[in-house]
Amino acid sequence: MSLLYFVLLPLLALFLMPLYRKHLHIISVMLNLTLLTLALTCTHTLPMVERVAVDLPFAITFVLERASWLLLTLFTLIMSLVSLYHLRYGNDKALFVASTMLGVGVSGLILSHDLFNIYIFFEISSISAYLLTALNQDVKAYGGAIRYMIVGAFASLFLLLGIMLIYLSIGVLDIGAIAERFGLIEPRLQFLILLSLFIGFGIKAELFGLNFWVADIYQASRSSVGSLFSALLSKSYLFVLFHLTYLLHVSPSQLFFLGLIGALTFVAAEFSAFKSHESKRIFAFSTLGQIGIITLALSYADAMLSAAALMLILTHAVAKTALFLALDLLERHFHSSHSTIFARFHAPFLMGIIALAGLSLLGIPPFAGFVAKLSILTGLASLEAYGAVALILLISLIEAAYLFRLLTGFRQGTGKERLYVAWSHKLLLGFMVLLLLGFGLMPEPLLQLCQAAAASMLGGNHVPL
Amino acid sequence: MIPFLIIATLLSLLAAAVMAIYSRDPAHSVLSYMGFGLGSTVLYLLFSAPDVALTEAVIGAGVGALVFVVALLQTQNKEQP
Amino acid sequence: MNLKRTLALSHLLTGLLVSVMIIALLGTLRLLTPPIDTIGETLLHINAQSTQVANAVTSVVTYFRGLDTLGEVSILFLSIFGVALHMQHSTRNLFGAHDTLLQIGAQVLFPLIVLFGVYIITHGHLSPGGGFQGGVIIASAFVLRFLAYGDHYEPSARLLTLSESLSGAGLVLLGVLGLLLGDRIFAQILSLGTMGTLLSGGVIELVYLFVGLKVAAEMTLLSQHFIKARDV
Amino acid sequence: MFERLGLVLMGIGALFLLLSALGLWRMPDTLSRMHASTKASTLGILLVVLGAVCHTPELWFKLGLLGLFVLLTNPLSASILGHSSYRKEGFYSPDHIDALKEESL
């Protein structure tokens, strides 16, 4: 079993496209389920290290340890769910190409331990994200895609600058080798490298100050694409950012800066979500808010908090996927995603899904989101960061306010228009909510997985040279 | 000799880039862009990277300029229907 | 968000970028103590041992960093797919010239240019060049025909797509075969031959062949889409 | 000996190229500029190629192909340029004879 299959199999499926051009949706489901199975079979053989072509220092190394395994499983799961969701809508070539490529990009991002290879996967995932944004082929979609492209070009420029400076000064690109020699670089140059890497990944991970574009992109694209963006794309960039941060042993003041950025992201995003009235914008800003909390928690470089942050990544990804897919059903029916449409129809099932997933997002007891948020709060309290605790609790009120506003919008207009939801979609959405509920009631196994992952992420998971 | 050539090429690159930005006629900009591509080809050759030079000559000065020319023709068609 | 604000934003970002780059360059000029010299030596040493390829750049591109090349090929595929998706309704040719001299010239030059491209691809492991460059050169022969013949020249889009896809699949399959038969991606499953001859380098030559075919088909498709695009 | 000859030939070729560039700079209109640039530069490049062959004779095949390629493409592109320039602005002729007008372009 080789780790490269996570990259090679989707590429093969993509290049063989002309052979089965009528059945792309079925191939997509089969591919993603295969990858999910592959990811699950890797459980017992962690950590796995694989070298491409030659040995170090020129080798590209692929590493699968606890943390990246957790994310890889999550990504393949989400991809499978989304492709199952699209099964009913038939053959869509553009969606197939872009989403499969996005899968290649994000799995490469978390698997690869070579900085330039990471850049390649960064580009692959970015370009597929532009394509996904432009999927609707109308003026709004093109505008969003072009804006995304300009921002993305800046991100990759800064990333390339950082990579170039690293290669010029120590002559290696493998992350483990860089971590060993990073201390040898002149401190001012170190700061410059960290800054450009931070800007590069921060733009894509939608951090504060660099995220002015996010809501427009989500609004321009389809809702089902939004689920891919918020569950896969930003999470993988965030993972790489913090993976590098931990490996390079950045100073406490720089970690504090990251935490500050996280807190600012959180506050700004939740306020913006409160102000907006378009459901896709609201969920986009809420994704930003969650990313803020995750950044804040990860910036403490503490085992318990990092585990909690990983848990939040998992629960948030599943909840957001359910929300966006439900929204996509609405959008396909009404051709709009303004929050007033919620008052126009009668669909108790969809309403229930949105409500339950929203509750999990908010952190209400029987759901998995609650466990994640609670462990973040207790972790912060055990580090005596009471300011952060108070901030999260306070801002969560705002989150509660806009989510309840959305839900009351639902209740007002009962019985106007019936919305038919196919049983397969019901099954899919119900599965996701049950997943959230199940992990909320029995959080122990998941928490243990997250703790092991956090330990391996913080421990530097050093690849022996 | 080589350092002098490098500096001369760099200066002409700078001139080509400035001309590409500030010339009024878009066609002149495209021409300057092609000049920029050729200049960088020479630069790569001077740095003894013939592979990169070949790529730059074919893609930078050839295909890139073709895309610009096509875009130029399309927009001009739009202006005078 | 209107155009003005977007523009202002991009100016701001450009300013930021330029200042950071200038600072970086000024800083690096003083601070760097490059260890690069040693890398080149090591690389040539490894290359002589493991690949038997005269052009060391080629063995870096296709073998040591084969995965990166695969990624770049798929980036190219993705961007050309994007262009094709949004420009697919071609109506008329932009260059409607009917110049007899140009047509005859194109007829004479077409096989020569293709031959040159094939030469560049197949000699990628011996001299500067390789799949990317040769592929683009072959595509430029097709561009010449587009220019000369206007609407009367339509290469089969189906054939182009098929050759593009199959060469990409061949590239990935080569990697998978390396994983299955050897121990790593693009492992040398063929004999290496002696350095400097045409049939040396084993898998590397095949990789460049596939890359060249793919790039040629992709670039031809791309230029066809651009030249025959409907009024935007 | 042959090396010396090759260098001289290359020098003459470079001189022709310089002259053609000068003509491109100094001539008044498109057609006369092309007159200066195409002929002189074709000759110049061929002389440079010939000089290179004399300088390193083992490259004769590739350099011969290069010369052939230049001979094929340079006049062709010049003719296309001339045609399109004529179609755009015509040319100056003191006795108002325009032989190209009768041809269908």
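Going in written order, the chains are labelled A, B, C and D, and every chain counts its residues from 1.
In the analysis below, contacts are C-beta pairs under 8 Å (C-beta built on N, C-alpha and C of every residue); 3 or more make two chains touch, one makes a residue touch a chain.
Remember, predicted model here, so these are calculated numbers, not experimental data.
Q: Name whichever of A-C and C-D has more C-beta pairs touching across its two chains.
A: A-C
Q: Of the chains shown, whose Cα centre falls closest to the middle of all protein Cα atoms?
A: Given all protein C-alpha atoms shown, the central chain works out to be C.
Q: When the centre of a chain is set as the mean of its C-alpha atoms, what distance in Å lies between subunit A and subunit C?
A: From the centre of subunit A to the centre of subunit C is 31 Å.
Q: Rounded to a whole Å, what is the gap between the Cα centroids of subunit B and subunit D?
A: Distance between chain centres: 22 Å.
Q: Taking each chain's centre as its mean C-alpha position, how far apart are subunit A and subunit B in Å?
A: Computed from C-alpha means, the inter-chain centre distance equals 39 Å.
Q: What residues in subunit C touch two or more of the other chains?
A: Touching at least two other chains: none.
Q: Touching at least two other chains at once: which residues of subunit A meet that condition?
A: Within subunit A, no residue touches at least two other chains.
Q: Sort the chain contact graph into one of these: line, ring, star, complete or other.
A: Shape = star; one chain linked to all, the rest unlinked among themselves.
Q: Would you mind giving me the full set of chain pairs in touch?
A: Taking the chains two at a time, the touching pairs are A-C, B-C, C-D.
Q: For the complex, which residues does subunit C have touching subunit D?
A: Residues 99, 101-102, 105, 108-109, 112 of subunit C touch subunit D in their complex.
Q: Within the complex, which stretch of subunit B touches subunit C?
A: The touching residues are 49-51, 53-55, 58-59, 62-63, 66-67, 70, 73-74, 77-78.
Q: Which part of subunit C faces subunit A closely enough to touch in the complex?
A: The touching residues are 1, 6, 9-10, 13, 17, 20-21, 23-24, 27-28, 31-36, 38-39, 42-43, 46, 50, 60, 63-68, 70-72, 74-75, 77-79, 81-82, 85-86, 161-162, 165-166, 168-169, 171-173, 175-176, 179, 184-186.
Q: Which bits of subunit C are touching subunit B when the two form their complex?
A: Subunit C reaches subunit B through residues 55, 57-58, 94, 120, 128-130, 132-133, 136-137, 139-140, 143, 219, 223, 226-227, 229, 231-232.
Q: Show which residues of subunit D lie in contact with subunit C when the two form their complex.
A: 69, 72-73, 76, 79-80, 83
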